[in-house]
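Below, chain A partners chain B and then partners chain C, in two separate complexes.
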Partner chain A sequence: MDDFTISVISNIGLFSFVALSAYLLLLTGEISFGQQAYFALGAYGAGIATVMWGWPLAIAVVWAVAIGMAAGALVALPTVRLRGLYYSIATLAFAEMVRNAFLIFRYRREVDGFEVGPAGAEGFRDIRYIYETGISSFEYMLLIYALLAGVMLLFLLMETARLGAVFRMIGDDPVLAEMQGIDVTRYKVLAAAIAGGIAALGGCLYAHMVTYVEPAIFNVMLGVHALAYGLIGGLGTAFGPILGVIIDIGVLESTRAFSGYRMIVFGGLVAVILIVRPRGLLDETLVHRVRLWLRPAR
Partner chain B sequence: MRAMTSIAMAGLLTLAITTTAHAQRMDAQIDCTPTGEAFDHHCMIHLMEVPDEVPVEDAEFVVRADMPSMPMAHNVPPAPAAPGDGPGVYEAMLELEMLGEWALRLDIAAPRRDVVVVVKDFGDHEEGDHGNEHGHDHDHD
Partner chain C sequence: MLDFVQNLIDGLMVGSSYALLALGFTLIFGAMRRLNLSYGPSIMVGVFAGTLVHMQYSAGLIAVAAATMIGSAIATVYVERLCFAAVRSGAAVASMVSSFAVWMQIEEAVTLAFPRRTYAFPALSDAPPIYVGELFFRIEYVVMAIVAALVMLVLYAILNRTRFGLQLRAVSQNPVAARYSGINIPAVTLQAFLLAAVIGAIAGFLIAGTDQQITPRFGLWATIKGLIAMMLGGLGSIPGAILGGLLLGVVEAQSQWYLGTEYRDLMAYLVLFAFLVLRPGGLMGTVAVTQDREAARRL
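Moving on, here comes the complex of A and B:
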C-alpha cells in the first residue's frame, strides 16, 4: 500500500473517532460544537504521558480516554439542563476555553538532552513514540482501525442493548423519557462522558501519528466537520458518521475531484442532504429496512 | 462482529510495545518557492543532525503536509525528497491545495528512522519570493 493511501485511510480512521463522538451526542438530541476540546485533551494528555513521563502508548491511551471521559462528564454536569442552541453555544465556549488554555499552557522539561513538552502557541512537538519504537505507518494505520473496531463494537453492542434505546428515547423526547422513569440527567452525563472518551482516544492517536500538535488544530472547524459527518452519514447507525467521513475525506478530498472548491462542495452537500434526508443518508428508516431484510425468514 | 474483535485484539498487542528513546535527532530548514502552477512549491530542504548541525547525507524521506487549521482534512500526496546540490541538501515538489500555514512533516526512513516537523506559512507572495520569508517559520524538531 502506498504512502498516500495509508495517509488517507489513517485520516479517515482518526476523523471517525471525533465524528462518532459527536454522533453519540446527536443520538441524545444534543448538537455539540465542542468535541474538538476532548480531541485536544486526549492529544496533549497522551503526548505528555509518552514524551515526558515515558509511559507506553497502551497506558497513554487509557489515560487519554480517562481524561476525555472525566472532562466530558464535568462539562455535562452544568450544561445538561441546557437545550438546543444554548447547549451548542456552551459546548463551543468550552472548546474555545480549552484551545485558549493550550495557547498559554507551558510544561517543559529535558528528556534525553532535548527540551520537550507543550510550549503554548508554539505547540507540542516531539511526540515521537511510534518513530522511536519502530512502528511503521502501515502498522499504525492498523492500530487506528483496531481501536476504531473496538469503539464500533461498543456502539453495535450499545445499539442492541437497553442503553442505545434509552439514548434514542432521550433524543426523541426527554420529557417523555423522564415520564417513563428514565433518569435523563444521569444518561446525558454518561453519553457526554463516553463521547469525550472517544474523541480523546482519537486525539491521542492523532498526536502520535503527526508527532506535532498546536492549539490551532483544535479550532471550531474540527468540531463542525465532526458534527456534519454524522448529519450527512446518518443517525440510524454508528456506520453513518463513518460514511460521512468517507464521503468527505475519502471521496471529495483524496480524489481531488473538486480541488480547492471542495469545502464549498462539501457545504452544499450538507445543505442538500439536510433538506432531502434530515436524519442523514443512513437514517433510522433505512437501517430498520435493512435489518428486516437481513433477518432470516421464519 | 468476530472480525472486529480480532482487529481490536491485534491493536492491543501493538499497543503493548514499550518505548526506547534515541539520543540523536535530526532537524531541518526548509525554503520553498512557488512554481507558478496552482499552489505547487519547490522546496529546498537542509537536513542536519542536532545539536552538532552536521549535514545528513544519503537520507531517504518523504515530505507530508497538513494544515493545522484544518487537520486531517487535506490529503496532499507525500512528496519524495531527492538529493540536491550540496551535503545535506534535498529537493521536493509540494502540491499544496491552498495558501496558508502548513505543517511539513519529514518522514525519514534512512539513514535511520526519524521525523522532523517544520511549520511554514505559505503566504500570498510575489513571484520570486520564498515561502518562509513571508510569515513565520516555527521552531522545529
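Moving on, here comes the complex of A and C:
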C-alpha cells in the first residue's frame, strides 16, 4: 500500500471514533456539538504523556480514555437535565471553552535537549512516539483499526444487551423510560462518559499519527461533522457513522475528481439523503429488516 | 471606572449587531422550532454580493446594502427550500444537520468565487470619533447602534401591527391551531425566513462596514454570535434576543479589556455555559422555558 492510501484509511479510522462518540449520544436522544472537546483532550493528554513524561503509548491510550471519560461525566452532570437545543449549545460552549483554553495553555519543558510541549496558539509539535519507536505507518494503521474493532465490538454487544435497549428507550421517550424505573440521569451520564472516552481514544491516536496538533483543529466544524456522519450513515447500527466517514473522507476527500468541489458535492449529498431518509442510510427500519432476513427461518 | 464605562458603551453598541443576528435566529426558530445553522453563511453570501457590487461598480453604501439584502435573501430561500421545506416534519435534527451540510456548500462556493483571503468592504463612515467628556464614540458604532434600534422598532411594528406578524406569532405559539384558522403555514414560514435574512443582512452590512473587510469565515462567526446571543437571552424570546446580544457585546468588551484578547471568546463561552446550567431560560427566565416546553409537548 502506498502512503496516500494508508493515510486515507487511517484517517477514516480516526474520525470514526469521533463519529461513534456523537452517535452514542444521538442514540440517547442528545445532539452534541461538542465531541471534538474530548478528541482534543485525548490528543493533548496523551501527547503530553508520551512526549513530556516519557510514558509508553499503551499507557497513554489508557490515560487518554480515562481523561475523556472523566471529562464526559463531569460535563454531563450539570448539563444532563438540559433538553434539546439547550444541551446542544451547552456542549458547544464547553467545547469552545476547551479550544480557547488550549489557545492559552502553555506547558513547556526540556526533554533530551529540546524544549517541547503545548505552546498555546502555536500548537503542540513533535509528538514523535511512533517514529522514535520505529512503528511504521502501516503498523500504526493496523493499531488504529484493532482499537476501532474493539470499540465496534462493544457497540454491537451493547446493541444486543439491555444497555443498548435502555439507551434507545431513553432516546425515544425519556419520560416513559423514567416511568419504567430506569434512572435516566445515571444512564445519560454513563453514555456521556463512554462517548467522551471513545472520542479521547481517537484524539490520542490522531495526535500520535500527525505528530502536530493545534487548537484550531478542534473547532466546531469537527464536532458538527462527527454528528453529520452518524445522521448520513444511519442511526440503526454502529456501522452507520462509519459509513458516513467513508462517504466523506474515503470517497470525496480522496477522489481527485471532486477536489475543490468536495464540500459542494458532500453538502448537496447530505441534504438530499436527509430529505429522503431523515434517520440516515442505515436507519432502524433497514437494520431491522436485515436482522429478520439473517435470522434462520423456522 | 472610566475604562469600565467606555467598555460598557462599546460593548452595548457592538452588541446591538449581535442582537440583530439573534433576532434573525429567533424568528426562524419561532416559526419552525428548528435551528438554521446556515443563517450566518447566508448572510455571508449577501455581504460578498455587497463587496462585489462595491468592487465592480464602486457603488455607494445604499446600493451595497441592497445587494447585501438580495444576496442574503436568495441564499436563505435556497436553504429554506432544501433543508426545511423539503425535510419531513418531526425530523428537526435532520433539518439542522442538513442546514449544516448546506453551510459547507455555501462556504466552499463563496471561497471558489472569491479566492483571495480578504476583500474590502466600504466603510460605514470615516469620520473621526466624537468625544463626550473623556468618553469617545466611534462613528461606525454609533451608526450601528442607531440602525439596529430602528430595525428593532420596525420589527416590533411588523410583529404587532401587521397581519403577517399576527400570523407568524400564531404559527410560533400553536401551529396546529394556526393551520385550523386558515393560516398558510409554509408561506408564513418562508416569509419569516426572508424577514430574518433581511435583518441578518443589515447586521452583516453594519459589521462588515465597521471592519471594512470580509472573509469567508464570516459565516461561522455570525452563526456562533447569533446562537450565543439567542441562548443568553432565552430561546425563542424576542426581547431576550436583544438583551442577549447586548450582554454578549458587554461581556466581550469587558473581558477583552481587563483580561486580554485571548480571553474574550473564552469568557463569552463561560458565561453562556454558566447561564445554560444555572438559568436555562436565559435572561428572560422561565417564560422562554415554559414556551419551549409547551411547544415540545405539542410536537
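Here are some notes:
We adopt the following convention: the second predicted complex is superposed on the first by the 298 of 298 C-alpha atoms of A that agree within 3 Å, B and C clash if a C-alpha of one lies under 4 Å from a C-alpha of the other, contacts with A are read in each partner's own complex, and residues count from 1 in each chain.
Definition applied: contacts are C-beta pairs under 8 Å (C-beta built on N, C-alpha and C of every residue); 3 or more make two chains touch, one makes a residue touch a chain.
Worth saying up front: this structure is predicted, and the values here are computed from it rather than measured.
Once the complexes are laid over each other on chain A, chain B and chain C both fit without any clash.
By the touch criterion defined above, A:65 reaches neither chain B nor chain C.
By the touch criterion defined above, A:267 lies against chain C but remains apart from chain B after alignment on the C-alpha atoms of chain A.
When both complexes are overlaid on chain A, the residue A:20 reaches neither chain B nor chain C. In the superposition on chain A, A:126 makes contact with chain B only, while chain C stays out of contact range.
Of the two partner chains placed by superposition, A:194 touches none, neither chain B nor chain C. When the two structures are aligned on the shared chain, A:101 is found in touch with chain C, with no touch to chain B. A simple residue count on chain A separates chain B from chain C, and the partner touching more is B.
Once the two complexes are overlaid on the shared chain, A:249 sits against chain B while remaining clear of chain C. In the superposed model, the vertex angle chain B-chain A-chain C (Cα centres) comes to 90 degrees (nearest 10). The minimum CA-CA separation between chain B and chain C in the overlaid arrangement is 5 Å, rounded to the whole angstrom. The residues of chain A shared by its contacts with chain B and with chain C are 221, 260, 262.
Taken together, the chain C residues at the contact with chain A in this complex read 35, 37, 82-83, 86-88, 90-91, 93-98, 100-109, 112, 220, 224, 227-228, 231, 235, 262-263, 265-266, 269-270, 272-273, 276-277, 280, 292, 296. Listing the residues of chain B that touch chain A in their complex gives 1, 3-5, 7-12, 14-23, 25, 38-39, 51, 62, 64, 66, 68-75, 77-78, 97-98, 101, 103, 105, 107, 113-115, 117, 119, 138-141.
Residue ranges on chain A touching chain B, taken from their complex, read 3-4, 7-8, 11, 14-15, 50, 54, 56-58, 61, 111-114, 119, 122-123, 125-126, 128-129, 131-135, 137, 139, 142-143, 145-147, 149-150, 152-153, 156, 206, 210-212, 214, 216-217, 219, 221-222, 225, 248-249, 253-254, 256, 259-260, 262. Looking at the complex, you find that chain A touches chain C at residues 26, 31, 78-79, 82-86, 88-90, 92-94, 96-97, 100-101, 103-104, 120-121, 220-221, 224, 227-228, 231-232, 260-264, 266-271, 274-275, 278-279.
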